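Look at the two complexes coming up: chain A is in both, with chain B in one and chain C in the other.
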Partner chain A sequence: MGRVSLRDVSKSYGSAMVIPGVSLEILEGEFVVFVGPSGCGKSTLLRMIAGLEDITGGEVQIGGRPVNDVAARDRGVAMVFQNYALYPHMSVRENMVFGLQNLGTAKAEIAARLDRAAQILQLEPYLDRKPRALSGGQRQRVAIGRAIVREPQVFLFDEPLSNLDAALRVQMRTEIAKLHHRLGATMIYVTHDQTEAMTMADRIVVLRAGRIEQVGTPIELYERPANSFVAGFLGAPKINLIPGVLTAMQSRTATVELAGARVPVQVIGGTEGAAVTLGLRPDVLTLHPDGPIPAIVDVVEELGNVKLIYATLPGGHPVVAELRSPQLPKVGDTIRLALGEGQRHVFDADGQAITLHDGPAT
Partner chain B sequence: MSTARRTGSARTTDIILLGLTVAFAILWMIPVVWVVTMSLKPNVELMRSTAGFIPWPFTIDNYFNLVKLATVPRWLMHSFIVAVSMTALVLIVSSLAGYAFARLDFPFKRTLFLIMIAGLMVPEQAVFIPLFTMFADWGMHNTHAALVAPRVAVPIGVFLMTQFFRAVPRELEEAAELDHASYFTIFWRIMLPLSVPALTTLGLFTFIFAWNDFLWPLVSATKAEMFTVTVGLASIQGNFAFSEGLGSVMASAVFASLPIVILFLIFQRFIVAGVAMGAGK
Partner chain C sequence: MSGGGSPGRRAPGTAFLFLAPFFAIYAVFLVYPLFKGFWISLHDWELAGGYREYIGFLNYQDLWTDKLFWRTIRNTLLFVAMTVPTMTLLALMLALAVHGTGRLKAILRSVFFMSSVFSVTVVTLVWSMVLSADQGLLVPLWNALGIKPVNFLAHPLLAMPSIALATLWWGVGLPMALFLAALGQVPQELYEAAELDHASRWSVLRRITLPSIRHTLLLVVVLQIIGQFQIFGQAQLMTQGGPANRTRTLVQYIYDTGFRDWQVGYASAMAMALFLLMFGFSMLQLWLGRKGDDA
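Coming up: the complex of A and B.
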């Protein structure tokens, strides 16, 4: 019922093409996160699924039914908006049951569904309050509750946590994940926050300029990014993308020569002497007196369990290392970075991955 | 030190502003107090002098004479019917048209909106004669419908409501649409309740306009039994009213303004909010 299919879906405003053509299958019960930078078309895509934006080309199917010409109210979807979009003149209770009233649902059924949703979201004490008397987190829970009572085929979330403070965001993130587990409904979630995407999604769809860059589980995308954009978008702190040259190519091994360092890598494809980008996650780098990569420390951040070292390579390229060792260098020290366990990503001149991976993603 | 100095200068500014406000308030109040004073003085006394703000010698004969007139309650009733029905119709038309202009897509929307706005520039007097002829042809003069109908499509009302509806976040309508609400349900259950402050302001100004309306009722209501209170009170002033019956004239003015004053006192919060809303656009 809750399967969503996008078949070469496109969107343009006049002559400006914002989504050139997206194809995607979202399975029933899946939690899919659309992630990408501002203006990448993720919200537009979500609104096209909701029926709030016209579709220029292609086809959207919900539950196997083409819905291009079906009004938003008849698509069987519920949406949680970034700004909550609660009806300010109605109480929490009225907000939550408005949709069911419009459907002509029986009063007993409305009451039962309201009780259930209020209990799931712990909204019972606030049912008679107006939205203005609620905190941001409570308002967001009401917005989610309004979606839950409708028991839709598909839940759509449009950056629902972006107006909350950091602590509340973490809490609500967990609550939404729990809710998905409990309801087992299809959920499509839009965010520009890679942490939300990584922690909540069954599958992540990374978008850039209206195109899908990569689709996969969070760990697939983290460990095997298809290109440098995906590698750069997922992971905090950001992956180090260091320019270098591919040398010493054997059948599947090669060396990336950086300014003042040589890093052995495994590749498929690539040509001797080609300009490449080496991608090293900050946690791959360790401190070692004989490490191949020299760097000068700019900033040291102590985060308790880990320390972040921001340094500059001989070629002037910045690099960040996430360390767990008790000894810390000082600002201005020259350190040597070694490569610990973990993937060494290599991207060709177009940014496409040419890394050779051993076995499936973990 | 500097804080203390700033506090001192702020206090001086406050005192000056307060003084100016009081001065302007007095300036505005003088004519009103003068009219009330004169309405409470005998006509004979007023023939001698109209000066002074103390109603002495005191009389309420001017008001008694007014109330004694058998036609006054009827005129009040007409004014009330006209003002209430005009207010209701203006609110219905303005809110529906405003919603359509603000949110719905239809052919020639922009052009129609501009034509509607252009209506603001047409002086009432310019259409008076054709309007009179039209209603005469339809045989509608001396009816409530004739007093109300020409005033129902008010460009400023439509403009006010359009601007208000434009400011309502679109997500609310989208949320309602996903909540299976029809266009009418969205209008009736979401947009209209949200626009209560704007509707109240528009309603108050319409009611006041309708109550004070003089020229069109004077032309359209030619029979004494169809007069509104403003036309009726004007009609009972004799030839020498402003010399021999000034007290009665002033009592009429006070009497006719009373409902509006009461309305202002009750709804002044909305009137201020409405003016601020207009200023914010």
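Coming up: the complex of A and C.
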């Protein structure tokens, strides 16, 4: 029922191609997050699935049925908009049942569904209020409630949390995740926030300039990014991408020379002497008196359990280390960074990963 | 700003200073003439010469028994009833039709608005020519149908609707423009949400578009009431109040009484009656419109 297939779906506005071609299978009951920087086409793709945007090429299927020529209303999808798009002149109740009334649903059925949705979202006290008398979080819940009562095959979320403050965003994130477990419906969620993607998704689709860079579970993408863009987009603080040169190549091992240091890595492919980028998550770096990488401390951020050290390598390249040691350097100190446990990612000159991973992805 | 005072509690003198120019103009051109008009209406006051005699409410008593006055009131109300709802509805329909993107719609927006820039003399001349029974635009149609050409402007029942028709054609541009501006303010996402909510076009109009533009709707109706009660030029130029006073409007009667018969006192009394009428209807409209606004 709630399966969504994109077959080489493309979109252009006149001569401007914004989505050159996207193919993707979304399984029934899956929570898929489209993530990418602004302008990457993620919202356009979502709107094409919804039927609010024409499809220039390719085919969209929902529940096995091609829907390219099916009106948005008949696609069996419900959408939660970024600005909520609540009808300002209707009460919360009217907002939520408007769709069912239009479909001619029986009154008893409407009342039952309304009660259920209001209960799930704790909206019972607000049913007779107008949207303008609600807070941002409450409005967002009404927008979700309006989608729930329709019992759609597919839920579409277009950056639904971006207008909320940070604390509320975390809370709503959990609520949406809970809702997904409870309803078991297919959900497609668009965001530019990598934390939302990492915490909510069954699978993440990373988009750049209208193309899919990588699709996979959050942990797959985090641990085995296909390229430096994906590596840089997921994870906070950002992964350190340090330029270097590949040397001392054996069959599977090599050394990346950077800023006077030599870092042993495991690679597949790559050529001796080629320029590469070494990707080191901040938590891989540790402080050690004999560490191979020297750096000068610029900023120290204490976040409680962890401390972030922003430093500069001899070549002028910035680097971030996430430390748990109680001993902290001061700004201006020269420190020596060593490599602890954790993956050392290597990307070739085109940014594609040539890292050799041990065993299957977790 | 003096220390600690909130912006709302500054010296009241400053506020009055800024408001003074408006108050001055308001007082000289609106408040004073209104009271002066009322003052004149209490006199037997001739336009030229110095004959002015205080007669109290005698002019108003005369109005009560003036058959022509009531006739013109009736005609004016009839005209208002013909034009205000139709004009509002027509302007709304045109706005809905030409709202949005596209070259054709842009051209049509200009076309529908264009008639508003003509003066009343041009408009009435055009429509007199269209409706003329001798060489009017419609004459070939009547001939083709084998019907004797109708002289609309001399017809006791059709003269007033003809004036109303010319007025609609002339005046629809501005309310349409107001509606277009209001429609442009309705967020596109509401329509997208309504589409996903399976709303029919009628349902979208009734539940989303109209509630979103209701303040503009109210404004248009009030402006129309104020405008159409003052109907003068079209009736004066197209029918001169005929046939048999069937299109004589209140402002026409006021004009004739004041400037043809020089009875300024009596004309002022009628003007006061017109003012009360317009005031009453506008207030009623505003009150009806406000009723739907909950806090």
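Assume the second predicted complex is superposed on the first by the 362 of 362 C-alpha atoms of A that agree within 3 Å, B and C clash if a C-alpha of one lies under 4 Å from a C-alpha of the other, contacts with A are read in each partner's own complex, and residues count from 1 in each chain.
Note that in this section contacts are C-beta pairs under 8 Å (C-beta built on N, C-alpha and C of every residue); 3 or more make two chains touch, one makes a residue touch a chain.
Note that the structure is a prediction, hence the values are computed from the model and not measured.
Enquirer: Should the superposition on chain A be reported as showing a clash between chain B and chain C, or a fit?
Expert: The answer is clash.
Enquirer: Which holds for A:F81: it touches chain B only (first), chain C only (second), both, or neither?
Expert: both
Enquirer: Once the structures are superposed on A, label A:A50 by its partner contacts, choosing first (chain B), second (chain C), both or neither.
Expert: both
Enquirer: So, A:Q122: does it touch chain B (first), chain C (second), both, or neither?
Expert: After superposing on A, A:Q122 lies clear of both chain B and chain C.
Enquirer: Examine A:S135 and indicate which partner it touches, taking first as chain B and second as chain C; both and neither are also allowed.
Expert: neither
Enquirer: Using the touch definition from the top, say if A:L103 reaches chain B (first), chain C (second), both or neither.
Expert: Both: A:L103 reaches chain B and chain C.
Enquirer: Quick check on my understanding: which residues of chain A belong to both its chain B contact set and its chain C contact set?
Expert: 50, 52, 71-73, 77-79, 81, 83, 85-89, 98-99, 102-103, 146, 150
Enquirer: Note which residues of chain C are touching chain A in the complex, please.
Expert: Spelled out, the residues of chain C in touch with chain A are 187, 189-190, 192-200, 203, 207-208, 211-212, 294.
Enquirer: Considering only the defined contacts, which chain B positions touch chain A in the complex?
Expert: Residues 169, 171-172, 174-182, 185, 189-190, 193-194.
Enquirer: Help me check something: in the complex, which residues belonging to chain A touch chain B?
Expert: 50, 52, 71-74, 77-79, 81, 83, 85-89, 98-99, 102-103, 146, 150
Enquirer: Where on chain A is chain C touching in the complex?
Expert: Touching chain C from chain A are residues 50-52, 71-73, 77-79, 81, 83, 85-90, 98-99, 102-103, 130, 146, 150.
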